[in-house]
Amino acid sequence: MSLRHALSTPDAEKASLSTRLLALGIVLALLVTVPIWVPNSYYVNICSQILIWAVFALGLNILVGYAGLVSLGQSGLFGIACYTAAYLVSIGTPHFEAGLAAIGLAIVTSAVFAVLSLRTTGISFLMITLALGEILWGIAYRWVSVTGGDNGISVNTRPTPFGISLASPSAFYYSTLIIFLVVVAAMYVFVESPFGISLRGTRDQARRMTTLGYNVWLIRFLAFMFSGLIAGVAGLQFFYYEKFVSPYVLSLSTSATVLLMVISGGVATLLGPIVGAALVIVMQYVVSAYIQQWNLVLGAIFVAIILFMPEGLVPGSLRLWRALRRRRGSAPAVVTVPVEPES
Amino acid sequence: MNLWVILAINSVALGGLLFLLSAGFSLIFGLMRIPNLAHGSFFMLGAYLGVTFLRIGTNFWLAAILSGLGIALLGGIIERLFLRRLQGQELAQVLVTLGLSFMFADISLMIWGGDPIPLSAPSALQGAMQVGSIVFPSYRLAIVLVAAVIAAVLWIMIDRTRLGAMIRAGVDDAQMARVVGIRVSRLSSLIFCLGAGLAGFGGVMGGPIFSAYPGLDGDMLPLALIVVILGGTGSLVGTLVGSFVVAFLYNYGQALFPELAYVILFLPMLVVLLIRPQGLFGRLPT
Amino acid sequence: MARAINRRTILKGTAAGAALASLPWGRAALAESKPVKVGLLTVLTGPLAQGGIQMKEGVVAFMKDKNYTLAGRKVDLIIGDTGGNPAGAKAKTQELVERDHVDFIIGPLAAFEMIAISDYVARHKVPLLCLAGADNMTQRTPNPYFIRASATASQCGFPLADYVRKEMKLSRMDTIVEDFAFGYEQEGGFQLVFTAEGGTIAKRLWTPIQTPDYTPYLAQISDVDGVWQGFAGSNPINFMKQYAAFGLKKKYPVVGGWTAFDDALLPSFGNDAVGAVSGAFYSVSYDSPSNNHFVELLLRETHKTPGGYAAGCYINGMCVEAALEKLDGNTSSPEKTIAALRSLSFKDSPRGPFHFDHFGNVVGNVFIRRLERKNGKLVNTIVKTYPNVSQFWTYNEKAYLATPLFSRNKVPAKI
């Protein structure tokens, strides 16, 4: 079931194509003009954060959504990129090389994670990734000569790609927006690509895929590396956003936060992780200014999401929207039945 | 020399406490396949409820039992309201139990405040036992007894009773159990209550050692996960062995390899999982 | 809930104010009429909330007491909950600076939060009145917009070590503290003076920040005259409880830092910590008009005994007020504001007389306190006061700064 299909009903296809293009155009225009219509640089920064976390969540969605592998060690991949860049920049490496090394090391780490964790699936996979993440966290805490321990590493510059300084909030926002759009496009292509389809095959019908001659392990391994690449990109951006790194980026709570973003928004959808990221960041940094008990509210929202749309915000809203339209009698709804994984 | 002896005794005592913490998690996960990430919250809420009972003058043991019952009731409500309808949807269960744990943490902070609140052990157990030059707190020895009693009761219940037979059938094959007329859903509620109640009871039992404080939930949840994963899910024996393995690792690891203190539990868990992904006593899923 | 409502009205004001202030004549014309904005960075949720809530209580009590008016200007107090992590601290600082345009920031709680925001705050030239210990903020990597009226992490350890050597006559000690920077720096300060005065540190034990059971460490303590512990947050409670349960309290007296035996923790200790000696920049039992007023005020407002977190923030409030008075309420120049803050000198405060050195760090009393039960209540009785304690103790500043920051591996034997 492709995104295109999931989003539309057959007879509404033609009519909604133009509507959807229009909607896409409006959203793009809004995103591009954020620094103009958003009144304050603080909120521009919040938008940058949302985009960074959305990229991170999109990367995790490859594992959770399309491969059916729930990782609680994603912070390890995110954090290793942060630390690599921070360390290299702090000893004077140029930004470009530091960035390449950061993403490269994130991919290498994801390969190691994959080799260790892909022996299993399900809860064992979750626990192995959790253990791997915690071990990296412990190393960051204790390898003080490189990581600075809990004091972390601060740097005071951002890169200047093509001579453009990213020091200002809006300049940095545009850099995150470009990367965000590239990642979204990559995910869109990936989902419909033969690789994406076979990955979903390994999720839903692992045994059948093996019988058909697919190397399930290799497909999952590559998916893990792809996820690591995106986590590395997000980590690199996060580091440059903060200009600071500390063991917090490697913590279990970072892994849990990004997982919550994916699940609350809706797994295996393109929009879900983005909406989830926006929800959590807005709660954390905007609503928290007005409601001291923002954790309580966030928890209640998660519970409410599960009560009313257990499939996540985005697919759930679409289902409700369709049900509403059907009640009006305009079009028969296409009900997507989630396929239970085999094992 | 004393160091080794004390660490050995303490490993047994801590193992008992870890068993109280993890038995419920193991039962819930084994029968219902629910990764209950609110389990640490149950432990913490139990400790806080215990604080309240002790403040109004309840005897320690009664406070532990009442808190256990209170948390069992809470667990039952959660199972009925939220988890019942999410059977088999692991991700939704993760989200809802994490969401609830966020809420419990904030609510506890509102009710009991941010300051740590110690729970006093029963006065008869407040001293220390001394043999030769080795001093060991009496209360910790009492915990070993309590854990042994609970383990025995659980074992009899699961291995020797009709209810236990139904539970085992449910663990092995829920669908088949349903076919032969076992009301798995009622069983599930019961198990969830029991698991939550054990955690709440454990919270009070752990109170004289850990105190009740914001963040106790987050400190305990990983321990329960490690115990259950190491021992193997759904196996009571596995949980018991897992508790003691973790306790020994913790005690000797912290003392002998201080450099590795931050990873002392996760490193061995990783090794075990790599060799036996199903844990020490778990069976591979059929 | 009053705060939440308050906050929304502030917001409207801010937007208008910001628009006006961006015009060339806006700032000066508005200086007297618009309220002065004080931001508080603290932790109100999560495991570190204990100290964070007390920080808030200290500042709020001070502002209430002054009827939210300092040096003739209304005060808007804006409170940011960092959640106790560096990313949250950064985001909340940006909120206070870029959205609310605060004139002062009080906080944050933890050293790692402070370090995460230091560069940002300096670049935006916002005077920061800090509570966190991080030594280097006023030493090897100073921040020009920073003052600290509490103490560096190591500062209270110097006189404590002196007292332990000279008055308690302990010569061989084990030290135990959490395995992180605040722990290393506290332990380093104590160890430096203790060994320089002829003492020996037998064992240095480091525990992970979350240590549910201290037994593996307690079992290693033997053959010493005493134990120094520097735990923070809620850890001291469990540590002392377990220390006493293993019968160690009778054998080895305990001394510690200010967070380890903070006044606010006392009701939680029971009898487990009676007799402990600590070095702290504040004590409830310090008898001065200012401190008596502070303690009374906090008891009335919060029904709790205040400790170092509340006192530190209350004192920061006093600094804001005194600086505003010096500036005639004009906060338009951050350079002048920080200069005014650093030139402050108090004859009396809840911690007694104090002033700042040229790095903006406090020079003032460190109290040596013994934890006692008096009339059924636990109190930290002051047994000795070391006046005018500097962050460099009695050492030459240059020589001190030439040594590396205290770490797990390195503590200089002598300076």
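Each chain carries a letter (A, B and C) given by its place in the written order, and its residues are counted from 1.
In the analysis below, contacts are C-beta pairs under 8 Å (C-beta built on N, C-alpha and C of every residue); 3 or more make two chains touch, one makes a residue touch a chain.
Keep in mind the model is a prediction, meaning the values are calculated, not measured.
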{"item": "Touching chain A and also chain B, the following chains", "value": "C"}
{"item": "Comparison of B-C and A-C (more C-beta pairs in contact)", "value": "B-C"}
{"item": "Chain whose mean Cα position lies farthest from chain A", "value": "C"}
{"item": "Chain A-chain B separation of Cα centroids, rounded to whole Å", "value": "32"}
{"item": "Centre-of-Cα separation between chain C and chain B, whole angstrom", "value": "37"}
{"item": "Touching two or more other chains - residue numbers and ranges from chain B", "value": "105-106, 262"}
{"item": "Contacts with two or more other chains, residues of chain A listed in rising order", "value": "141-142, 293, 295"}
{"item": "Touching two or more other chains - residue numbers and ranges from chain C", "value": "45-46, 179"}
{"item": "Of all residues in chain A, those that touch chain B in their complex", "value": "64, 70, 116, 119-120, 122-124, 126-128, 130-132, 134-135, 137-139, 141-142, 252, 256, 259-260, 263-264, 267, 293, 295-296, 298-303, 305-307, 310-311, 340, 343"}
{"item": "Residue ranges of chain B in contact with chain C within the complex", "value": "2-3, 6-7, 10, 14, 105-106, 109, 113-118, 120, 128, 130, 135-137, 139-140, 208-211, 213-215, 218-220, 223, 250-255, 258, 261-262"}
{"item": "Contact footprint of chain A on chain B as seen in their complex", "value": "29, 35, 82, 85-86, 88-92, 94-96, 98-107, 110, 222, 225, 229, 233, 259-260, 262-263, 266-267, 269-270, 273-274, 277-279, 285"}
{"item": "Chain A residues within the chain C interface of the complex", "value": "39-43, 45-46, 49, 141-142, 144, 149-152, 154, 156, 169, 242-244, 246, 248-249, 253, 284-285, 288-295"}
{"item": "Touching residues (chain side chain C, partner chain A) in the complex", "value": "4, 7-8, 15, 18, 44-46, 80-81, 83, 85-88, 90-92, 94-95, 97-99, 111-112, 115-116, 118-120, 134, 179-181, 407-409"}
